[in-house]
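Okay, so subunit A shows up in both of these, paired with subunit B first and subunit C after.
And then the complex of A and B:
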């Protein structure tokens, strides 16, 4: 993780977000910020509202209350594809890849917002569209090298093992060269070795490309080692927010994770 | 070669040609089904509507002439001598794109995320609406369509095949309709272009991405709505090609919309989600029904072409409901 994160350099800020589905309050009055260049973790037990939070940032859910500020501007009601154009990429907990397409095509599709050729020039193909295609293909190959997935470039991703699919999904999100990368449980369901690899990639992305990363994790251990700051949610409420050390020693957090008898 | 053997070859060839026509209609279904999960019942009517519009432009008909005459007591019907084929085709393509945009704006946008059956019902409504509007715009009379595609039997092929028969037999050569050959060629070209487009362009990849996973497509910045407009436009253009072929063959008439029904068994055979499936399914149906008519037809009094495809589809439903190339349907418990 980067040591040079400036405190007042804020990329994304959520203010007093409340989200409910019918009578269920998924998020209650949540506020926190993400600084440029940092690795920010959102942790919490199952059902804490972590994924809901990510879906709010990403535009899948629209909170009933609260404001979202991105890059210094207040963001109004936006659809997910518009949020993507703004510079926010994400991965999913249960992997949402284009299963019938090859690794290469998945990553190329990840660059959708970067490509400018209009429909007509695409149909003509020779000329601008082709030049653009070659140019972007080069960037994608760099990402493939970075993630060490050269051997599966042409494999349809539906045929890949779970850990590899997770890696391709990360690659697709990287391909967008976004300002903010949202990772929804990037290590879930992985064995120790795969987890270590993924941690390494997350840190490398952050350090080499300077990408700001917000990641959700269920498992506290992994997160503490790789993030600058951690926000803890439980039952849709914010429990704690601070450096890994602060959070680790927070009484409420320990209670939420280990459970205490309230007598 | 004996005349019997040659006759069989002729039947198979003609079956393949007919199959290409079925494939063309089925292709339109598959495109829309893959991208949006909608079984578009209106695909056949789209072919009819496209053909009607093309003839209208070609012959210089005034749209809604009957309606206008009825209301204002005027006597208008044509605005001029018409226009050349290329211009008329381009204008019709434009009309189909505007139509796609309207369908998205007025129908799909409001019922997105509904049950498939509701989307299907909406397309039935769309089919009725288009049939009505086609009638109102261009009139219900039978029209001939000629865009300059050669038709009639190929003498060259007849001459070539006449020499194939072994000595001592009388044989007059094979009959093959030039129009069918052209249709097959154009269909192959169309599928090639579509395949290349979907493999090597940004929008083509976006089309495949949307077909694969809506949620993931949204997160990489693809707008589902604009993709749907593009898909319906492509389906409209495919419908136009099918309309031109069928219209040149048997005239532009309202029964054209019923060819959609013939696409159903093709889709059941090939699978609803596979473009190669639609093509091969169409060919199998085409060849199958011609061969069946040729061999079994005389034994049962003929006219087997009307039902053979459906019976074949029924057998497929029993043994391989996902079709030859469709994705396996697995429900996790």
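And then the complex of A and C:
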């Protein structure tokens, strides 16, 4: 948690986003912002529209209404790979690693947008392509050291245990050196120890690299501990927005999570 | 015992990233290439040229091409025969229109033409995947062969409808036509195969190769990382077609000499190359070579043993070969779906520890 988050320094803002699939309203008139350098949590019950929201930010879904502002500029209709170039990286709820490739290659692929060598120099290899490869390898090795995954550097990721795969996926997202990192349930399915490790990594990324982080998470303990601000969604609507304490005591949030008898 | 990496420490990333990180591999490959260039040309005769070396080299090149598309980028294609035909006809048109043009350039240009055709037929891959894409590429196979049969301009209005490779010299030595010496045609093909195998290896271990493999393994995640699917898929289609086009040009100019498209570049050729990479190993350059050699030489070997050795009648053996090869394909798919290249990798792992595996 950074104490230096400035109130008006907004990295990403979504304004009045509405998204529907046919007759299903996935998101209705949602607005919130993400400040530079903060850890922002998006929570809500299953089917609340959290992942849809990330997909909108990523460019997988295109909302029917609303505006997305990133880094002070309005973002128009963009494809996911263009969004990546703006500086938004992401991990997935169900691990989406490149299973046939080694840990190292997965992370190197994460640096795709940073690499420039053209087709011809790639064919020749010796020269610019090799220099670039070594240069990026050094950056990737730093991430490998940071995440403590040296021992699985050359292992095909398909053979790794679940917790390790999650960690490699975080590494791949870090490799892009993005401004905004979206984490879709980074701790889902982990045991306590793995969760603690992952929390540490998320906080370290935030503090050491200054990366802004938006995360979806179901573990309330984790969310309340590591995030600066929390936005709560339910049935595609925004229920609450504010500091963990405000959200925790919000009547509507308690209702949505615990359920109430309507008398 | 001798094959091991202990004591072979890498002290730089360049050393760690080389193609053959193990010293013994490097020595082995260097010896093979030196043997192929320096010794084989003096030993080669007509039989070895036409029945073994040329076809294996040319099919290896085609297999590398298809492996880039199918093995690395995950786009199944059944259009290989059609693309080989494009390479063959392009080389024919170039060399008859410009007889003075160096044959190396003719072959490279034919690859370029095929690359463009490949991009065109690769466009459906942006919308459809898997089996459906395979069917779409099947269309290219039939359309292209039909085109070369139908439009007389492609075969220079010859009465037979065939195309014939005219004699072309490089440095005063015939490389095509009936008078070409075996060593000349062999070296001509070998140069292409060695150079472009190295190029393929460089492409697949770098930025391009990783973008292809990313699309193959998880296209959504590839997009999130910044890989444009359009660019990755079409570059795979074009480079793959470039290789297949070169293979087609060599197949026609140097190996066959005369070509009738339906027979030389039929659908069976598309399947042959696909089997080569499946048996050899998807996503492996080495596998392309092993697969090509296996699929082409296995029938030759069986025939030699049964017809020449045991004196069986050739037509029975021809049928037997089909059954044996088919059986072997099934055997490999069940026992080792990652192909012979994977089998070789496992052997190497074992060899490193041999004879004390514990």
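Simple rule for what comes next: the second predicted complex is superposed on the first by the 263 of 263 C-alpha atoms of A that agree within 3 Å, B and C clash if a C-alpha of one lies under 4 Å from a C-alpha of the other, contacts with A are read in each partner's own complex, and residues count from 1 in each chain.
Heads up, the rule we're going with is that a contact is a pair of C-beta atoms (placed from the backbone, for glycine too) under 8 Å apart; a residue touches a chain by one contact, two chains touch by 3 or more.
The model shown is predicted, which means the values in this text are computed figures rather than measured ones.
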Looking at the overlay on subunit A, is there a clash between subunit B and subunit C, or do the two fit? clash
Quick check for you: in the superposed arrangement, does A:123 touch first (subunit B), second (subunit C), both or neither? both
Output check: A:138 vs subunit B and subunit C. Expected answer is one of first, second, both, neither. What do you get? second
Using the touch definition from the top, say if A:44 reaches subunit B (first), subunit C (second), both or neither. neither
Please indicate which partner A:244 is in contact with in the superposed arrangement: first for subunit B, second for subunit C, both, or neither. neither
Tell me the contact category for A:92 with respect to subunit B and subunit C: first, second, both or neither. both
By the touch definition at the top of the document, which applies to A:63: first (subunit B), second (subunit C), both, or neither? neither
Under the contact rule defined above, give the subunit A residues that sit at the interface with subunit B and also at the interface with subunit C. 58, 60, 79-81, 84-85, 89-90, 92, 96-101, 105, 108-110, 112-113, 115, 117, 119, 122-123, 125, 129, 132-133, 172, 176
Parts of subunit B lying in touch with subunit A, wherever the complex brings them together: 196-197, 200-206, 208-209, 211-213, 215-224, 230
Interface with subunit C, subunit A side, in the complex: residues 58, 60, 79-81, 84-85, 89-90, 92, 96-101, 105, 108-110, 112-113, 115, 117, 119, 122-125, 129-130, 132-134, 137-138, 172, 176
Touching residues on subunit A, where the partner in the complex is subunit B: 58, 60, 79-81, 84-85, 89-90, 92, 96-101, 105, 108-110, 112-113, 115, 117, 119, 122-123, 125, 129, 132-133, 172, 176
Show me the residue ranges of subunit C that touch subunit A in the complex, using the header's touch definition. 12-14, 17, 199, 202-203, 206-208, 210-211, 213-214, 216-218, 220-229, 235, 283
